Amino acid sequence: MAQRIDVKDLNIYYGDFLAVQDVSMTVEPQSVTAFIGPSGCGKSTFLRTLNRMHEVIPGARVEGSVELEGVDLYGSDIDPVAVRRNVGMVFQRPNPFPTMSIRDNVLAGVKLNNKRISKAEADDLVESSLHGANLWNEVKDRLEKPGSGLSGGQQQRLCIARAIAVKPQVLLMDEPCSALDPISTIAIEDLIGELKSEYTIVIVTHNMQQAARVSDRTAFFNIAGTGKPGKLIEMDETSTIFSAPAQKSTEDYVSGRFG
Amino acid sequence: MTITDSPPRAGVRPVRRRRSSDRGFNRAFRWISHGAGITILVVLAAVALFLLWQAWPAITAGGEQLATSVPRFPADTSLLAYVGPLVFGTLLAAVLALCLAVPVAIGIALFISHYAPRRLAQLLGYLVDLLAAIPSVVYGLWGFLVLAPVLTPFWLWLNENLSWVPLYGGQASTTGRAMATVGVVLAVMILPIITAVSREVFLQTPKLHEEAALALGATRWEVVRTAVLPFGRSGVISAAMLGLGRALGETMAVLMILSPGFSYSLDILAAGQHQTIAAYIAADFPESTGLGINTLIATGLALFVITLAVNMTARWIVSRRKEFSGAN
Amino acid sequence: MNLSRFTRAGSAVAVGVLALSLAACGSDPEPADSASGDGAAESTETDSGEEMASLAGQLSGGGASSQEAAMNAWRAGFQQANPDATINYDPVGSGGGRTGFGDGSYKFAGSDAALDDEELAAAEAQCGEGGVIEFPGYVSPVAVAFNLDGIDSLNMQPETIAGIFLGEITSWDDEAIAADNPDADLPGTAITVVHRSDESGTTENFEEYLHVAAPDVWTAEPSGVWPVDGQESAQGNSGVVGAVQAGQGTITYADASQVAELGTVAVGVGDEFVEYSAEAAAEVVAQSPRTEGTSDFVYTIELERDIPGTYPIALVSYSLACTTYADEATAELVRGFLTYLVSEEGQQAAADAAGSAPLSDTIRQAILPGIESISAG
Amino acid sequence: MSAVTGTNATDSSARTRALLTAADPGRRRTDRIMQGLIWFAFAIAMVPLAWLLWTVTVEGVGRMSIDFLSLSMRNIFGGDPGGGIYHAVMGTLIITGIAALISVPVGILTAIYLVEYGKGWLARSVTFFVDVMTGIPSIVAGLFAFSLFALFLGPSVRMGIVGAVALSVLMIPVVVRSCEEMLKLVPNELREAAYALGVPKWLTIVKVVLRTSVAGLTTGVLLAVARVIGETAPLLVTVGVTDSINLNPFEGRMMTLPVFTYRQYQQGYAPCPAGESATCVADIAFQNAWGAALVLIVIVLTLNLLGRLVNRWFSPKLR
């Protein structure tokens, strides 16, 4: 089910501007990989190349390869739409579709596929996805209410439910807790811990404690200065990164002596 | 919105002005903007009173009295029977125009907001904005002198081959000066307005929602369908209403193009079947006297009521969806 | 205030720039004749007119749109002779002209139909004791024009014309048309009738002609509103002519000056067929009797439609004025303008500009005393 | 062992490739079709619009000259190819300018009232009646302005200001509506951020709300001006027609470009004696009509362009 991601010599551009330079890494399946680093170092940009969301921005392009189980996502025969279906994404701010009910939000991705699913199947899928996102008990009585009526944390879990309803192989999370209160954050973090048994999870976070809590491996990105490209400094087991990093700059960053 | 006008607390970053003057300005500003709102009510009350006052003699006069003093008034009918075909003609023209314009306008708006290359999009948006400004008299000139002759063969072909379609029946006009041509011209006229407003709304679609759809593996069209269109729905409706308003009240283009007539015919290719209220008033007002003018104003009142009904419906549709709208 | 400042600054700049650049160079055009003569011609022109000082002020009238082309010529001629005077004319239609004259908003008016008793009473009430002046200032033939490839002229009897416009004769190769045009190669094209959609004196006149000349076929009373439903129509003379040009097999009636290159109908009068012309229309007016029982200053005509050798579809459009006005300036302007209007020079200017028939001397002599009596009272 | 792992790897790789390439052909087709339709919508819309502009340009450009722009039609009649539209251009600019001066402040302030202050019955009725007001047929607005002034000045009243009032009646609701939409789009966060800094409400509206939405407001106002600058019917009954220059909106008739266009079109052909083409042009009235239409469109275009440039120069750089 979960898949391995191999990134080789990846350069990311906005037009002529090189945003992220020369990243190579491997993301292990059924684990949580955290990206940390200062603002603007390109970790979110890099994350978005993993499901080809990056290229939505006009002028954006990449060089190098991103392989999912050995298949280059940027190969000429690859359909970006299919890539995004297989690599789900959860965003910084919760973004349920405001015009849809909770139930329709969960089913949104499935319905896009034109799959004719019976009502019973749909009900099952809604229930299992919401269970998966630890949201079922809170919303089971108001599935037909609009998703925008939920609290921030609930909305974010609804978004996760929506993402896993299409049964992706990989789940990308772009600072999923940055807009949430601590209690919701803990709920999401618990959820991430449960989800990793089934998915390959990549999470971008500003919060080093969070990285330490939820991730198995951590990658540290840094930027030399404004206008310079972001770079992957090092990547290792989370415990190693936080206790004995190989690079000085990593140590400075994780110990708060950054800058 | 719920913030009250409490004076700034000390300790917060100081503001340039002193508090007392701030309070004065606050009050003045509130009253000025209230005053503007009230001005509108006053103006409208004046217009409405004028309309009613001028239409009243025609409303209260009997059919016989009207028939003797209004040239076009057929004998043995009431005012309603007289206004009826005009209302029908007005609605037919506007609905025809709207049916032609709305899908195309949504298409253009989407093209500019989501499909066209960005540099080009700005230029095209600008172009559409400019086209909203073409005066109706120019549309009339063009529709009458240029478009109608070109469309005529097409209408004749429709009339010959598809006359079983209710709209295409009857005796097609050989000069193209029928409701179908008016519908096309009105559609072109309201197209820029609907496009401009829809485009603005589509451009306001939250990036978040578009990305959410993309991340679920949606194609570009599916992004539009799941994120853009639902978000823009009420905007498109109000855009269409603006367009409808212009189509309903459009005077010069209809006046210059249409061969008027007074019937409930659906034959949009036939001449001398329909007339719209606004064009009717403009055409007959100069020659009307006394009760004739009152009758014309009464038809204007009917137009007023139609627009009102249309607006109410639109408002109802929008408010029904409010629960699901993402704004604030 | 940023917004209002900026938008207003924007529009102010825009309007200002345009206004300044235009205001710097805008002017009323020099009279065409004086362009060569360094303005000297202007004074001589004034002298050639009436023996009076140049008039000044603004005068507004309105009414029949049929008179507009001629009125443009009259206004121009009068304003050239009196550079400080401005005459306006609103071509709002005959009814509007009569109403405006009756309530005093127009100092003079044009009307395609003579005032009826009721309107006369209203006008006299407005004008005061001196009463109303009414005379035919503009006489023009109404042409029956059609658009058929390769055919410039057709002969038609009044009954045929009535049949066509009623919609009873539907094809150009109908026997009724063919009988009078043995040499014409008539196509089987369907006839499309185009009439005026606005209430108009031209329509009323044409209806009246059909009603009088073909009473058995055209039974509707003339009213200014077209009595047949479901036909093509258009706004104004230019509208109907434009519609006829746009279609094939189309036919209409319009002021003769408008018909341009369209084919026209020679109308049957008695045993002959008469093409429209200003002279033939003038003949009708000259030979028709003056309405009896009116005051001296009201000169209206009972048109006769069957005088051999004349063109019977003539539009006679009247000018209306008061004999007394509240102030001297207005009275002088009206007197001066109407004097010019009926003068030989004025009538010729109208003939050139609108293809109308100049008034005969007989009629001119009959109406001049009325105009000269205009005064302030 | 390694062989097995290898097979597994290729297997899963092949499965993944199948997953990533197997786009649903139906969906892809729908996407293509819709993309085609949307391009097509744009194309078919551009046809009449380009055609119209082209016609007006081609028909109108022949009449363009310094004389046409700087002379009035005084003493020009029949087939005389002289004269121009100066009086009509000035009339249009003056009347529309006054209408905008009346409508823009009232409209924007009303929009501010509705968005920032509006509560209760007054706001509801203002919203309602702005809707109603958009439904006023232009000719009725003209009749209203006319009878309003006629009440005091008699039935022969024809002045620029009457036309400006008629146009204002048409323009105000358009300004209110579009500006209201634009103000609503200003995120509440911005307002709250300003309040949190202790900025008073009126200053927040002026400095934050208006400044943020200035681009949209300009578009709204421009659309409104565009809506009324071409109005013909109300000006016919309120301002009348004249051939001479009149720059005073408070006295006497004025000419405006749309009315001029309509009047010239209505005059139709001029009778010209055969052979005399230099001093008498039979279709001069149509040429004048097209020429005036072209100038009217150019004026609108210029105003639009200036509006946009001003907007670009002055609006705050938020991004």
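Order as written gives the chain letters A, B, C and D; numbering starts at 1 within each chain.
Simple rule for what comes next: a contact is a pair of C-beta atoms (placed from the backbone, for glycine too) under 8 Å apart; a residue touches a chain by one contact, two chains touch by 3 or more.
Computed from a predicted model, the values in this text were never measured in an experiment.
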{"item": "Third chains touching both subunit D and subunit B", "value": "A, C"}
{"item": "Chain whose Cα centroid lies at the greatest distance from that of subunit B", "value": "A"}
{"item": "Pair of chains joined by the greatest number of C-beta pairs in contact", "value": "B-D"}
{"item": "Subunit A and subunit D, separation of their C-alpha mean positions in angstrom", "value": "46"}
{"item": "Centroid spacing, where centroids are CA-atom means, of subunit A and subunit B in whole angstrom", "value": "46"}
{"item": "Approximate Å spacing (C-alpha centroids) for the pair subunit C, subunit D", "value": "37"}
{"item": "Junction residues of subunit D - those touching two or more other chains", "value": "27-28, 105, 108, 225, 265"}
{"item": "Shared-contact residues (touching 2 or more other chains) in subunit A", "value": "81-83, 86, 112-113"}
{"item": "Interface hub residues of subunit C, defined as touching at least two other chains", "value": "235, 239, 242"}
{"item": "Pairwise chain contacts, counting only pairs that touch as defined", "value": "A-B, A-D, B-C, B-D, C-D"}
{"item": "For the subunit D and subunit A complex, residues of the former touching the latter", "value": "9-10, 12-13, 15-17, 19-24, 26-28"}
{"item": "Touching residues (chain side subunit C, partner subunit B) in the complex", "value": "92-96, 98-99, 190, 192, 194, 197-200, 223-225, 229-235, 239, 242-244, 246-250"}
{"item": "In the complex, subunit D residues that touch subunit B", "value": "27-28, 30-31, 34-35, 37-42, 44-45, 48-49, 51-53, 55-56, 105-110, 112-114, 116-118, 122-123, 125-126, 129-141, 143-144, 147-148, 169, 172-173, 176-178, 181, 184-185, 187-188, 191-192, 195-203, 205, 216, 219, 222-223, 225-227, 229-233, 236-237, 257-258, 261-262, 265, 286, 289-290, 293, 296-297, 300-301, 304, 308"}
{"item": "Interface residues, subunit D side, partner subunit C - complex", "value": "66-67, 69-80, 82-84, 86-87, 89-90, 93, 97, 100, 104-105, 108, 154-156, 158, 206-207, 210-211, 213-214, 217-218, 221, 225, 240-245, 247, 252-253, 263, 265-271, 273, 282, 285, 299, 302-303, 306-307, 309-311, 314-315"}
{"item": "Of subunit C, residues touching subunit D in the complex", "value": "1-4, 6-11, 13-15, 18-19, 22-23, 25-29, 31-32, 58, 60, 65, 68-69, 72-73, 75-76, 79-80, 86, 88, 90-91, 100, 103-106, 235-239, 241-242, 256-260, 352-355"}
